[in-house]
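You will see subunit A twice below: alongside subunit B first, and alongside subunit C after that.
Moving on, here comes the complex of A and B:
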């Protein structure tokens, strides 16, 4: 496993693509968060805005970039045919996918941690000027506040789980464009489709099990009882999706001809 | 570890297309084994099966007595070159070898050694996407040598090589076999392996058509062909045809006699009183011997279809 991990790390750092995707994910996460922080206002006490969640808006964009990064880790190998060299070097499919998962998780955290910290800094600096003041019941965003810390740390975990979900899907579909399509469909299209379900009970149930809906519960800090699913259980649902995708990808990797 | 590849009764079908139909052979150490046959005969599929890349419906493939997927550092047991172009174009040749080295617990120092060994030391840090096909073949061979394995398996390594490269590759393969390694080299052009291969596994339609040493094969293909120079062409043809030889006119006074060894030709002509000035037992090239061998397979195929 150590050798396979070392090899995957060497692969990742010896081409420029992953580096730029990591940088892009961090920058976009911070930038969109800053834009959202600058666009929202709190007119008075009890305006009911979830400030940390607003400051984490960039996660919705950052997840697309980390998804692409994760899909490329597998998709590029199938595109070039290098996957056969890889499997010849590491015949155990489980070890290989495990090594890729660790490397992808590491690369995603390398994007998510600065991206999320940037979002926090942007929110802390910008939002007081938009009416999020002590007078309106808002303290500056602080990571020592339990709920805020949960949302920001959770955002980094959310991005990591999205990346792992993408890796599993890529291993299953073996083609980068298809992989990106499926992942973006799961992340962005599914919530839209759920929104048009007319029966509120069904909509709630679907929001409890859809990966991006359930997973982003971790970003909420207020009105938690009104959410279809709690923050940690929601992130747990996303984790199950990621694990399921990796299992499926691993199984297909084992059963199919390379 | 024993330096062998043992392939036993491999069977594989893609839907109704049979790719492997009881493929069985053994590659022994210390010689180059040529793995030849027309495109689509199952050479690449067999190699992928040996590497644990493709599954089979039945049969076993063992490397040094063990299935490939059970090897923990496989590149130290088998070095393989399947597709020289299977690399990331943006990664340098050296880095392409580096990740493979790291996957086997080997260091960058070994990468520089194999780069030097394959004549790529000067271009190792350039993007592999800019390599010519010949350079990629060398890079693939460098990768196969990384783990200093006792078994080597190369799929069409001559593809894209210039004459100088072909010469280099032949010498290289011979040297590797001389070190006691088992070397399996596939090719659809027999002539590429002239003076290189010691053993021959000929395949057609997913199974082995012939499994023979090259020396035996050439001897067999050569023995019954004689070139004859005579001024009495017609008389010679009549005399030889009477004892069952096939005679063809190659030049004005030169005949090629098939189906009769040289000493018999001399006897027949002498007894018939036909004068001749020159007689030579023809030594077949590997290519000719191979054609001779596959001719039967082709004819067999034709009759089978006709039926």
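Moving on, here comes the complex of A and C:
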């Protein structure tokens, strides 16, 4: 396992693409968060805006870059034929996918942690000027506050789970563009479905089972009882999707020839 | 060029996976129409849930209910009145088991509360009319046929309606001496009802929160005071007669009352004379929301159509056969655009038919022309977006990044705007400048200046007109194609 890990890490760091994608994910997460923080205003006390969640809007964009990063870890090997060398060196498909998961999770965290910290900093600096003041019931965003810490740490975990979901799907479809299409289709489908389904029972059920909607419950800090699913159970649903995708990808990797 | 197009078409149709992709796109679109139709809450009030609504001359569903103090007017005539005051109260939203909602104190009337003169073909709801009125905060207006609204002076309190032959002309004045014309409109000749009226739309507050919207509010009551009422042409000795127009259709409406004190009349009541607000109920375009899924699948195809050639080395054969790279790009765009337009057309027609079959017509009505526009528009949107994917794929030459770029450019701005993540003003700007503006071709509910509602993306209203929004996507695609052509010429394959 150590050797496989080392091999995967070498493959990741010796091409330029992943480095730029990690940087891009961090920058875009921070940038969209800063833009959202600058756009949302709080007119008065009780405006009911979830400030940490606004400051984490960039996750919606960051997840697309993270998905590309994770999909390319598998897709590029199939594109170049490298996968046959890899499998010759590491015949155990499970060990290989495990090593790839660890490396992808590490690379994603390397993007998510600075991205989320940047979002926090943007929110802390910009939002007080947009009406999120003590007079309106908002303290500056602080990571020592339990709910805020959960949202920001949860955002990094959310991105990591999205990366693992993407990795599993990429192993199943074996083609990078198709993999990205499938992942983004699954992630962005939920908000569109929720917008057109007006039956409250349907909507609630959709929000409980769709990976992006359930997973982003972790980003909420207010009105938690009104959410269709709690923050941690929601992240758990996303984790189940990731585990399921990895299982499917691993199974297909084992059953098919490279 | 014909040979080139045929070559590209052969390349496209001889890859089985791409044909399967086209099929998947169509199936996903129909599937989402089924989900959207089956998931429509029958309790959420579409126009169908409000019973058979009267229609304006162009088919727009309208509300026609108001408090009417009238006398018959058989021929020509002139009505003049002064409206010294118009006030309003809002009603708390009714709670179950509470037949009469509580009244909330509120000094100012609703912005579109109305008090003034009206000549109407009878007292049944939905009949033709012409009216001139003082409004809550939009000055004097002349309205007819529910959908037509003309602005008059903002500070006038004197109103006059002159019926002459088949024309009614409205005047307004601030002192009762100097009159300005507000406008005129045709109205059939014959026996009609004429008099003073009061109406007010319900009091509604539109709330937008992360991931959704809500409308809270209840009915409202307007109180209009009238004096100096003169009516020439109305039968002498007749009595003013109170009618609550359209009250049978809305049993919860507050009771219409009128009191007379000398020459002063006070009318009080609810209801409205206006097009219905279509933002909150079911809409026809929801059945085409699968366009996003079809677009994502076909964007992958668009990207693969060019990146696969680079990956396999096929592009060198292609360029050897056709040294003009711009013509190759053009041929690819034409083939891809035509194929995906056809797929999109079939898919959106099927989605609309299947969805309507399941849901029935309990949505804001759309005439045949609008239905054709949203179906053809969705197909065109998918086709142009796929060509954008082709161009971005040519620029980046990396499939994964190109697919992500296309989806993020088109879908993410729409989600951030329509799912109410961004505030309305920002969302409007996002839907003006990003390719997601093209989804304006799907909007079926028109915006009415004389109806107060939240005209924001979260309620399905786009900032640009249908084909204007589509032009934004075309602009992005054109720029991407130019960059792609320039890079194709400069770079080695």
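FYI, the second predicted complex is superposed on the first by the 256 of 258 C-alpha atoms of A that agree within 3 Å, B and C clash if a C-alpha of one lies under 4 Å from a C-alpha of the other, contacts with A are read in each partner's own complex, and residues count from 1 in each chain.
Note that a contact is a pair of C-beta atoms (placed from the backbone, for glycine too) under 8 Å apart; a residue touches a chain by one contact, two chains touch by 3 or more.
Everything numeric here is computed off the predicted structure, so don't read it as measured data.
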{"item": "Combined model on subunit A: subunit C and subunit B, fit or clash", "value": "fit"}
{"item": "Which superposed partner A:72 touches (first subunit B, second subunit C, both, neither)", "value": "second"}
{"item": "Touched partner set for A:6, first subunit B, second subunit C, both or neither", "value": "first"}
{"item": "Contacts of A:179 with subunit B and subunit C, given as first, second, both or neither", "value": "second"}
{"item": "First, second, both or neither for A:89, with subunit B first and subunit C second", "value": "first"}
{"item": "Comparing the two partners subunit B and subunit C, which touches a greater set of residues in subunit A", "value": "C"}
{"item": "Superposed arrangement, angle subtended at the Cα centre of subunit A by subunit B and subunit C, nearest 10 degrees", "value": "120"}
{"item": "Touched partner set for A:144, first subunit B, second subunit C, both or neither", "value": "neither"}
{"item": "First, second, both or neither for A:64, with subunit B first and subunit C second", "value": "second"}
{"item": "Gap in Å between nearest CA atoms once subunit C and subunit B share a frame through chain A", "value": "11"}
{"item": "Subunit C-contacting residues of subunit A that also contact subunit B", "value": "none"}
{"item": "Touch list for subunit A against partner subunit C, complex", "value": "36, 39-41, 48, 50, 53-54, 57, 60-61, 64-65, 67-68, 71-72, 75, 79, 175-181, 184-185, 188-189, 191-200, 202-203"}
{"item": "Subunit A contact footprint on subunit C (complex, rising order)", "value": "32, 35-36, 38-41, 44, 209-212, 282, 286, 289, 292-293, 296-297, 299-300, 303-304, 307, 311, 398-404, 407-408, 411-412, 414-416, 418-419, 421-423, 425-426"}
{"item": "Touching residues on subunit B, where the partner in the complex is subunit A", "value": "48, 51-55, 68-71, 73-75, 80, 82-83, 85-92, 95, 98-100, 102-105, 143"}
{"item": "Subunit A - residues contacting subunit B, complex", "value": "3-4, 6-11, 14-17, 76, 80-85, 87-92, 255, 257-258"}
